[in-house]
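What follows is a pair of complexes built around chain A, which joins chain B in one and chain C in the other.
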Partner chain A sequence: MKKRAIGHAGWLWTSLASVVAFIYFFPVLFIILTAFRSRSDTLATPPKWFFTPTFENFYHIFFRSMSNSTEYVATGFHVYFFNSIYISGMSVLLALIIGTIAAYGFSRHPLRGNDTYLFIILTTRMLPPIIVIVPIFLIFRITGLAGTYTGIILMYTAFNLPFSIWMMKSFFDELNTEIEDASRMDGASERSVFFGVCIPQVYAGLAATSVFALILTWNEFLFSLLLTNKLTRTMPPAMARTIGGEINVDYGLLAAMICLFIIPIFLITYLLQNQLLRGVTFGTIKK
Partner chain B sequence: MNRSSGFLAWFMDPKRRGPMLIAPAITVLLLVNIIPLMWSFGLSFFKYRANTLKLPKFSWFYSYEKVLTKDNIWESLQTTAIIVAGSVGVQMVLGFLLALLFASQFPLRKILLMFVLAPMMLSNVAVAIYFKLFYEPEFGLLSQFVQSFITGEMYVLLATPAGALIGVIFADAWQWTPFVMLLVLAGLVSVPKHLYEAAEIDRMSWWRKFTTITFPYVRSLLLLAVLFRTIETVKIFDLVFILTNGGPGTATETIGVLVYRTAFQFFRTSNSAAMGYILLFAVIVLTSLYLYVIKQRESEEI
Partner chain C sequence: MATIELQNLTKSFGDLVAVDNVSLKVEENEVLCLLGPSGCGKTTTLRMVAGLEVATSGDIFIGDKNVNNLETRDRNLAMAFQFYALYPSLTVAENLANPLHAENLSDEEVKKKILEVADILQLKDIVNRKPHQLAEGEKQRVAVGRAIIRDPECFLFDEPLSRLDVQLREQMRGQIKEVLSDLKKATVIVTHDQLEALTMATKIAVMRDGLIEQVSSPHDIFAKPNNTFVAGFIGTPQMNILDCNISEINSSIIKIKVLEQEVEIDFKTPLSVDKNDNYFIGIRPRSFELVDNNAPDNFSGKIELIENMGSEILVHVKINEFTFRSVQSRSSKLSIGDNINLKPKKGQVHLFNKDGEVIRNE
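On to the complex of A and B.
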């Protein structure tokens, strides 16, 4: 047990870590299990740990859900699910394009007061969304953007932009500028330096930035709660609405919706594990 | 590039390359963040309610005076402070311990690490909904555990002010401990191995090794973790809003929930703008401190 810090530890350490990881993962495991439980098993007391898995919850997201045993009611969750995909996909893409260009600018053509700009940009991301939302709500109401896809996509683009800029800047800063200078010497235009030399070197960065931005956007609650209507609503507020009445909360259905997002993301994040630290700190801490 | 005069040439001038590259980003941020912020700054000097058609009336510092003299902002700042202190404290301790566990190489490390990191990928809404279920008196795991092993009675955690605070802190700390772990882990991995080997030769005690070798390498990262998590936890809204809705009474009404209620339930729009600015000030101070530490750390390393 002397190997406290860095060093190789054997399977004993693995088993200890497994126990800790299991305890830590337990609430998530509970959600995943709930997604595969049948309706009658969901709220069994004591909880059923062994049950025959069913996909009915996943089926009900897209088709119909039982509000009680006799009546069939459409949940509308497929709409929210596709809204989430469309809105977060579009805004992540937009923020990635605008953010990458800006990050390249900040990294390669620094302005006077570069750090001040970057500080202000980071601050807009750090400040509580509740401050921004009050005037945005009024402006959207006046301009008619409230409840539209354009409005919420614009909002989320601005929400993701600081993150994309800081992330991509940290990747551009790491590149060796000699390669760029060499290709400039060979007569490459600025455009082909950007697209042909810089971008291919930061593919991993682009992937990491878009995945982490996607997680943040998909999970965002407050903006969507206040700026969408029932046609453009995304998953988090839709999920939150269902637990208003305490009695008939369909935890299985909610769990299935969480799983549809968390399982693919879980696998993708595993591949991006090396970029994780940078991802969670908005690119401010690299190593 | 091409030498033709006119707008395009002005646009493509190498002198303007930097500004032109960042212009789209700055435009979006101006439109969606900066201008609205200035708008609400202006609004905080007016008397305005968003649910009436009355025009805003200029009133100097009336909103600020109103907000600062009423008790509930101080109460909610206190609540926020308790949640931040509790949650960030727990995150730091648990995150550090988890990082120590995962700092050494062992089989399956990468996969097990992913399981620990999973909570960070959940939405706050998902965490809130399921912790509400866990704390639920009848079906909740906590209540069932207490019922069958300790008291034999149902346990209602969220009914008392202290219990509700603990419930919120526990859920938030659980979700964000992996964040602290990641940062500390980065520090632990960066310690040069030869230092430990030298310490081994000197027969240093575990505690000495920890304080003289390990800690200096993780110190700045710990500070960054505290600052980052503090900034994020001050904003806490989703979790509290769904888990307790500020209750019981106003026991868990954090500043975020208070601003939300003021703006969208009571429609005291200008008061909420004034509250927002008090909060904004705190966040700006914390963010600049954070970037200062980042700068310090980078200059130390080079």
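On to the complex of A and C.
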């Protein structure tokens, strides 16, 4: 039998893999192309593959005519864009800080019945969020948190926390505790053991956890729809409003919004890709 | 300069008693080896001395000061870990310098100390490398270096050589012994390797199931084991230990019935034993002489297996369903199936009572 070197799957398999990859990527490509089509090109059947690209749709995201008048007005979309970044950023940061500290506690100073606590934390992720939406809505109404940044940020923090705790705990569990003991012998306080020894060893975990949490928060629709108002609304419900309510769906406009929506997540994932790879393969690499 | 003293130290994890009422004293200049099979509580004992584990009860004194309530960093100890515990992101020099941060030394002094230690442990060429670029032996030396760079009260080593290959282990054993004898401090080494303990220690404490079985000098622990556990644990090949009955006592010469053979054994000194009681007899594989004719003072049996040990051979001799092991010289020209007679050497036979405790007359 001919021995094949590792790393060379051969042209057949490579092309097969490319075909599968292309099938997966095709909808994304189609959306991106649609974003640059003019209105008439968008609706053409069969779809036009060659057209003169236009930035019209992107312009319309921010300025367009509302309710049948021909005058272009600001849509306030930049506010939603900012809201999405601010709200997901803050809630992921909060969840990461609290989650990391909690995970360290669970990993290094287990409570009596540690696993029970961890399981209870996990169960909060087992329920579909829609089950708790009524009580949460009422709580937000009564406390006056509805429609505020604080409210939705706290909501998303709570939403991300179980995931952050579990993920970070597995990273802390992976570490060699001897290194922590060694630094204690070297005269380090508990605080410097945590910040100086443990945290630098779990950078990959922090990156992976924050990206996953960020994607979940960034895409979240339900809570945002019900718990934000005109000023604090995030992108997903704002985009949904573009589809509903109007007589014709402007697919070009929607595609342009989706493109804008993808960019921040794409950038972050791209920048952190090395850490992410190490993050998602944790546990499989020998110490 | 200080001593380490443990008084009735106990550690339990729930129902499991890992360390049971251990009392020990390590003098200045002394190297104590805690030796025992895995899970016997030796590492837990060491970690309690270091303050990394809190004792359930009992007291720890370092230099006559009770340190029960002191944090690890206030105990002024140095420790080398089993898995070296080097900071992965720091170079060898930075790793070595780390214990010095708490001492507020000038950069010059730190540099001088690093060079000193690097010189002793032959680390000069690798001070700028990171741990992942080091070989096992080098990592191990850096771990030792990090322990000795400061001037702590005492040293603790947790299985320092367990991850090295045989050749390197032999080399490092000598090197660590040399370094330790220059330091003149109370040192505790944890190991499960008896050879390591016998060569490096000035005193050995054998542990089993959280209890100290015997504390003696390396020679005494080998030559005068207190009980059947220590006798069986120390020494390779393992000691032959078997049931026996005493049938006749004649001053130092005692007639013993073992494996349906009656053998007269000379214990050198008279022992206080009773006739016909159940005892255990222990004879090391190297304590047999090969004799030509069957006599009342020897065992006879048939060779079942011969293991090659290099300069010597290990002979398995079958006597009534029991297999004796005996080490003989290569020149003895023995072969499987031969009938041979083995005479226990005078004064090298151990007698234990029913509870496994040694019977000795001194």
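The criterion applied here is as follows: the second predicted complex is superposed on the first by the 237 of 287 C-alpha atoms of A that agree within 3 Å, B and C clash if a C-alpha of one lies under 4 Å from a C-alpha of the other, contacts with A are read in each partner's own complex, and residues count from 1 in each chain.
Basically, a contact is a pair of C-beta atoms (placed from the backbone, for glycine too) under 8 Å apart; a residue touches a chain by one contact, two chains touch by 3 or more.
This one's a predicted model, so the numbers in the text were calculated from it and none came from an experiment.
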item	value
Residue contacts on chain A - larger count, chain B or chain C	B
Contacts of A:L254 with chain B and chain C, given as first, second, both or neither	first
First, second, both or neither for A:S189, with chain B first and chain C second	both
Touched partner set for A:I139, first chain B, second chain C, both or neither	first
Partner chain(s) touched by A:D181 [first = chain B, second = chain C, both, neither]	second
First, second, both or neither for A:G205, with chain B first and chain C second	neither
Chain A positions touched by chain B in one structure and by chain C in the second	189
Complex contact set, residues of chain C against chain A	47, 50-52, 72-73, 77-79, 81-89, 98-99, 101-102, 146
List of chain A residues in touch with chain B within their complex	2-11, 13-14, 16-18, 20-22, 24-25, 27-28, 30-31, 43, 45-47, 98-99, 101-102, 104-106, 109-111, 117, 119, 121-124, 126-139, 141, 154-155, 157-158, 161-162, 165, 189-190, 215, 218-222, 226, 235-237, 239-240, 243, 249, 251, 254-255, 258, 262, 265-266, 269-270, 273, 276-277, 280-281, 284-285, 287
List of chain B residues in touch with chain A within their complex	1, 14, 17-22, 24-26, 28-29, 31-34, 36-37, 39-40, 43, 50, 98, 100-134, 138-139, 141, 144, 148, 174, 179, 182-183, 185-186, 188-191, 193, 196, 206, 209-210, 214, 221, 224, 228, 231, 234-235, 237-238, 241-242, 256, 259-260, 263-264, 269, 272-273, 276-277, 279-280, 283-284, 286-288, 290-291, 294
Residue ranges of chain A in contact with chain C within the complex	176, 178-179, 181-189, 197, 200-201
